[in-house]
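Scrolling down, you'll hit the structures one after another.
Consider the two complexes below, in which subunit A is the common component and subunit B and subunit C are the respective partners.
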Partner chain A sequence: MRGFLAGFGLELRIVRAAPDALMPLLTAPLFALVFLAIVRQSGRADLEADALLAPVLMTLWWVALQHAGHLITGDRWQALLEPVIATPTSLATILLGRIAALMGLGLLSFGEVLIVGKLVFGVGVPFEHPVEMALTLLATAFATAGTAIAFAAVFVMTRNAYTFTNSLSFPLYLLGGVFVPVAFLPGWIQPVSSGVFMSWSADLLRATVKRDGIGDFWSRLAMIVALGAASFLLGRLILFHVLARMRAKGELATV
Partner chain B sequence: MTRVAVTLNVMRNAFRAGLADYRAIFTWKSWLAGWYLRVIAQVAFFALIGERLEDDEKTMYLLVGNSIMIAAVVGVFSLNMTTSERGAGTLPLLVASPSSPVVVFSARGAYLAVDGALSALAALAVAGPMFGVSLPWPDVLAVVPLTGLVAVASYCFGTFLAGLVFRFRSVNNLVVVTTHVSLMAACGVNVPLSFYPEPLEWLSRLLPLTNGLLGIRGVFGGADPTTILGDAALEAAVAVAWMTVALATFNRLAARGRRDGSLEFAS
Partner chain C sequence: MPDAVEVEDVTRVFEPRKKKDERVVALDEVSLTIPEGEIHGLLGPNGAGKTTLVKILSTVLLPTSGRARVCGHDVVEETKAVRPLIGIVFGGERGLYWRLTGRQNLEYWGALYRLPPAAVRERTRTLLERVGLADRADQRVEQYSRGMKQRLHLARGLIGDAKVLFLDEPTTGMDPIAGREFRTLIGELKGEGRTILLATHDMVEAETVCDRVTLIDRGKIIATESPRSLGHVISRFQRVDVEGAPEPVLGRIAALEGVSAVTRTEDGGARIEVSEEGATAEVLRRLVDAGVTSVRTSLPSLEEVYVQLIGERGLEV
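Take a look at the complex of A and B:
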């Protein structure tokens, strides 16, 4: 637990020193305005809540891709990985604490979009199923954290990960159905989307703001958690092998 | 060598250095599988919102707006020029050299305008047919120079912003991404300008995407050629204005960094 808390505190201090990490908290309200403008101008008040929820999911994705995904690479560049691995606390515990801090920051975007929606357009998110909504957001943050570990493990193996992470944002928003449900995607791509936890999160989150009952809530929630856990385990597995190879070759601090 | 010849020589070499940078970042395969995939996904993401709204006209509006938005996105990447220079430890050397920093940076990043225009046109060419948007031939040819103008104007705007954030490297990416989404929100990319309050509508006319995009929508809507030319002229004027402001401020801001020692050698 101490390792987790140390990681959590460390990440908050890093964020305070590097304002770039707050980027998604600036863009989330702007995206909310863009989406709200589109649905309002088209006279589709029924999609206003979806327009506000989409930037929250986009923010979590962004944090996973651009920040959490680069934690190990960043440590390696700064020659921090060696001392961290040398400590008795496991790297995974520290990473989990750091990613939890980032997910907490990402979830702040939910409050932001509520405020901007109310202030600019006078609309909000109807809390028809508040408990289910909170559970879905938590499960989504958990699954995003698990996916971030997988990203971190894969990115540390690549030479030019930043170029690809810059390119991955919108493909993942699209596959994750953050605003437009997966059913609108071409049939051949829908099975791929079903394997992306965010598509389950987006559907379930949208269902929590509708007045109708939520069908199969627990099994859908379990699917989000299961996909997130699978990504986490995969990430840990890759990381284990990558770190073992780096140790053997003395590359822990190599750019 | 005259002063003009020297400046042109500096620009030519800086442009070649920029191209070399670009080749180091992308091969044609990674451009297609990485960058171009993102471009198509971004345009499709917004076009699909039109499909969800069950409005073909809106789908076309979003598709055209977000395709051309790509030219602005890449143009504004010129903001990254100073940051990458600083990261490489070459910024203080450039500022110390007798050449004007703004001439070096503007020439070195000029490939971004070309890349932005090509990416936007390639997005339109592929995503258009995907969503059943017809590209009227030969009228669509007029979109090519208009997209080029948008890319150049965005690039000039980015160069101006680069001067502003010159000494504040830590906020560079923040400024880039916030500028992208702000342009997306304010320049008529997703909703017509008439949707905004009037002061915002006027303000957006000063931004590097609005007028060119209006011209391009005019081409697709069969507008009068004089209206399209008027929009093109306004876009060109905006480009010249932002580059003029960049030229007027960039060197002064760089000189301030030289005085207070904030242009460190490495990140």
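Take a look at the complex of A and C:
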């Protein structure tokens, strides 16, 4: 727990000192405006709430991919990885704390889109199922954190991870159905998307702002949590092997 | 009670990463024992394998073969037992969060050593004072000079209250005064019963603070002795100072096998350096035969031994 809190506090302090991690908090309101303008133009007032929710999911994804995913690589380049590993606290625990802090910051985008929607377009998010909505957001942040650990472990072995994540974030938004429901994607891609927790998150989140009852809420939530837990375990496994390999090969530090 | 550090036949080979690179044997069957409370110098030129040994002992690198233990715990198998006991200080400026303040850096590392928050704050405060950074504690590390970063590194190594400290070139970039303070600090740490392995290429540093020094070059240990007696171990490196020796005699001596150098001194004398066992006797015989009686033999200082054994390479940084 202490290691988790140390990581959590560290990340908050880093972000406060160098707020570039907060970039997506600048872009989230802009995306909200773009999406709102699109649905307005096509006369789909029923999609206005969806247009506000999409940037929240995008922000979480972006933070996981562009920031959390590069945490280990960053430590390695700053010659911090070896000293961290030589302490009694496990890297996974610290990482989890750092990622949790980032997810918490990412969730602030929810507040932003609420404000922007109201101020600019006079559109609000209808809180039809507030408890379910909060649970869905939390489950999504958890699953995103799990995925981020896997990213971080894979990226530290990958030379061009930044190029990769830069080009990959948009296709992933699409695949995750953050704005356009996966049901509208070509048929062959749908099975892939259903393995991506984000597509479940996006569908469920959209359901929480509709007047109709949410079908199968608990099992859909469980699916998000289960997919998240799976990424989490996979992430820890990859991390374990990557660190063991680097320790054997002498790659924990860059020369 | 087990020794603080035991290294048995440790070899570390780095396989080439690219085809054109060569395989590097960074450590070649190195064995070394450091009893508790000793300050042990690991002295050798760049590329000798010092950092590699420090990394293996601090559990962040695996040996290719051989075993190493810290306070009786294997550094490969028992990392959980080893890590709370050790503190490491790697040289250089990296290894800190530059955008955070010195205090924030230390508090983070303190938490990783599982100290309760109040203890972390207290230790941080004391350590900042101890390394002379108290009045700059709340500035970002990026504004620190090189020497200040080094001192913060040192504080970081101490925050876990380690029994065994591994210091890898901890004074590179420090000014001479800070260097002197560093030596005082080492003395205090010894007084607290800690064991220290100090890797350095600085002979003066090794000579002034270490109880024993291990000379290492190209992955092989050349000798382990107290700084003073290193000269004895390597007694073949004797030197003979003479006064009033005729030039032709010196010329013939210079040509002898086992004489590595004859240099004239400013006052008209000469220094004959010997690098082979038995050669000293022959040098002395020739001098006495030539009627030279002002002769003095002595053992070289650690620095001279180092240069003799390792060559001028050792002085390059």
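Throughout what follows, the second predicted complex is superposed on the first by the 254 of 255 C-alpha atoms of A that agree within 3 Å, B and C clash if a C-alpha of one lies under 4 Å from a C-alpha of the other, contacts with A are read in each partner's own complex, and residues count from 1 in each chain.
Everything that follows uses one rule, which is that a contact is a pair of C-beta atoms (placed from the backbone, for glycine too) under 8 Å apart; a residue touches a chain by one contact, two chains touch by 3 or more.
Everything numeric in this text was worked out from a predicted model, so none of it was measured.
A.B. asks: Using the superposition on chain A described above, determine whether A:Pro83 touches subunit B (first), subunit C (second), both, or neither.
C.D. replies: second
A.B. asks: Where does A:Met157 make contact in the superposed view: on subunit B (first), on subunit C (second), on both, or on neither?
C.D. replies: Neither partner.
A.B. asks: Between subunit B (first) and subunit C (second), which does A:Ala230 come into contact with in this model arrangement: first, second, both, or neither?
C.D. replies: Neither: A:Ala230 stays clear of subunit B and subunit C.
A.B. asks: I'd like to know which partner A:Ile94 touches here: subunit B for first, subunit C for second, both or neither.
C.D. replies: So A:Ile94 only meets subunit C here.
A.B. asks: Just checking: does A:Arg13 make contact with subunit B only, subunit C only, both, or neither of them? Give me first, second, both or neither.
C.D. replies: After superposition on chain A, A:Arg13 lies in contact with subunit C alone.
A.B. asks: In the overlay, answer first, second, both or neither for which of subunit B and subunit C A:Phe170 touches.
C.D. replies: First partner only.
A.B. asks: After superposition on the shared chain, which partner residues are touched by A:Leu138: those of subunit B (first), subunit C (second), both, or neither?
C.D. replies: It touches nothing on subunit B or subunit C.
A.B. asks: Identify which of subunit B and subunit C touches the larger number of residues of subunit A.
C.D. replies: Touching more of subunit A: B.
A.B. asks: Give me the intersection of subunit A's contacts with subunit B and its contacts with subunit C, in residue numbers.
C.D. replies: 18
A.B. asks: Which residues, counting only subunit A, touch subunit B once they are in their complex?
C.D. replies: 18-20, 22-23, 26-27, 30-31, 33-35, 37-39, 41-42, 44, 47, 160, 163-164, 166-171, 173-174, 179-181, 184-185
A.B. asks: Please give the residue numbers of subunit C that touch subunit A in the complex, ascending.
C.D. replies: Residue list for subunit C touching subunit A: 14-15, 52, 55, 58-62, 80, 83-84, 86, 88, 90, 92, 94-100, 104, 108-109, 111-114, 140, 156, 160.
A.B. asks: Along subunit A, where are the residues that touch subunit C in the complex?
C.D. replies: 2-3, 5-6, 9-10, 13-14, 17-18, 78-80, 82-89, 94, 247-250, 252-253
A.B. asks: Can you tell me which positions in subunit B touch subunit A when the two form their complex?
C.D. replies: Residues 25-26, 30, 34-35, 37-38, 41-42, 44-45, 48-49, 51-53, 55, 58, 62, 170-174, 177-178, 181-182, 184-185, 190-192, 195 of subunit B touch subunit A in their complex.
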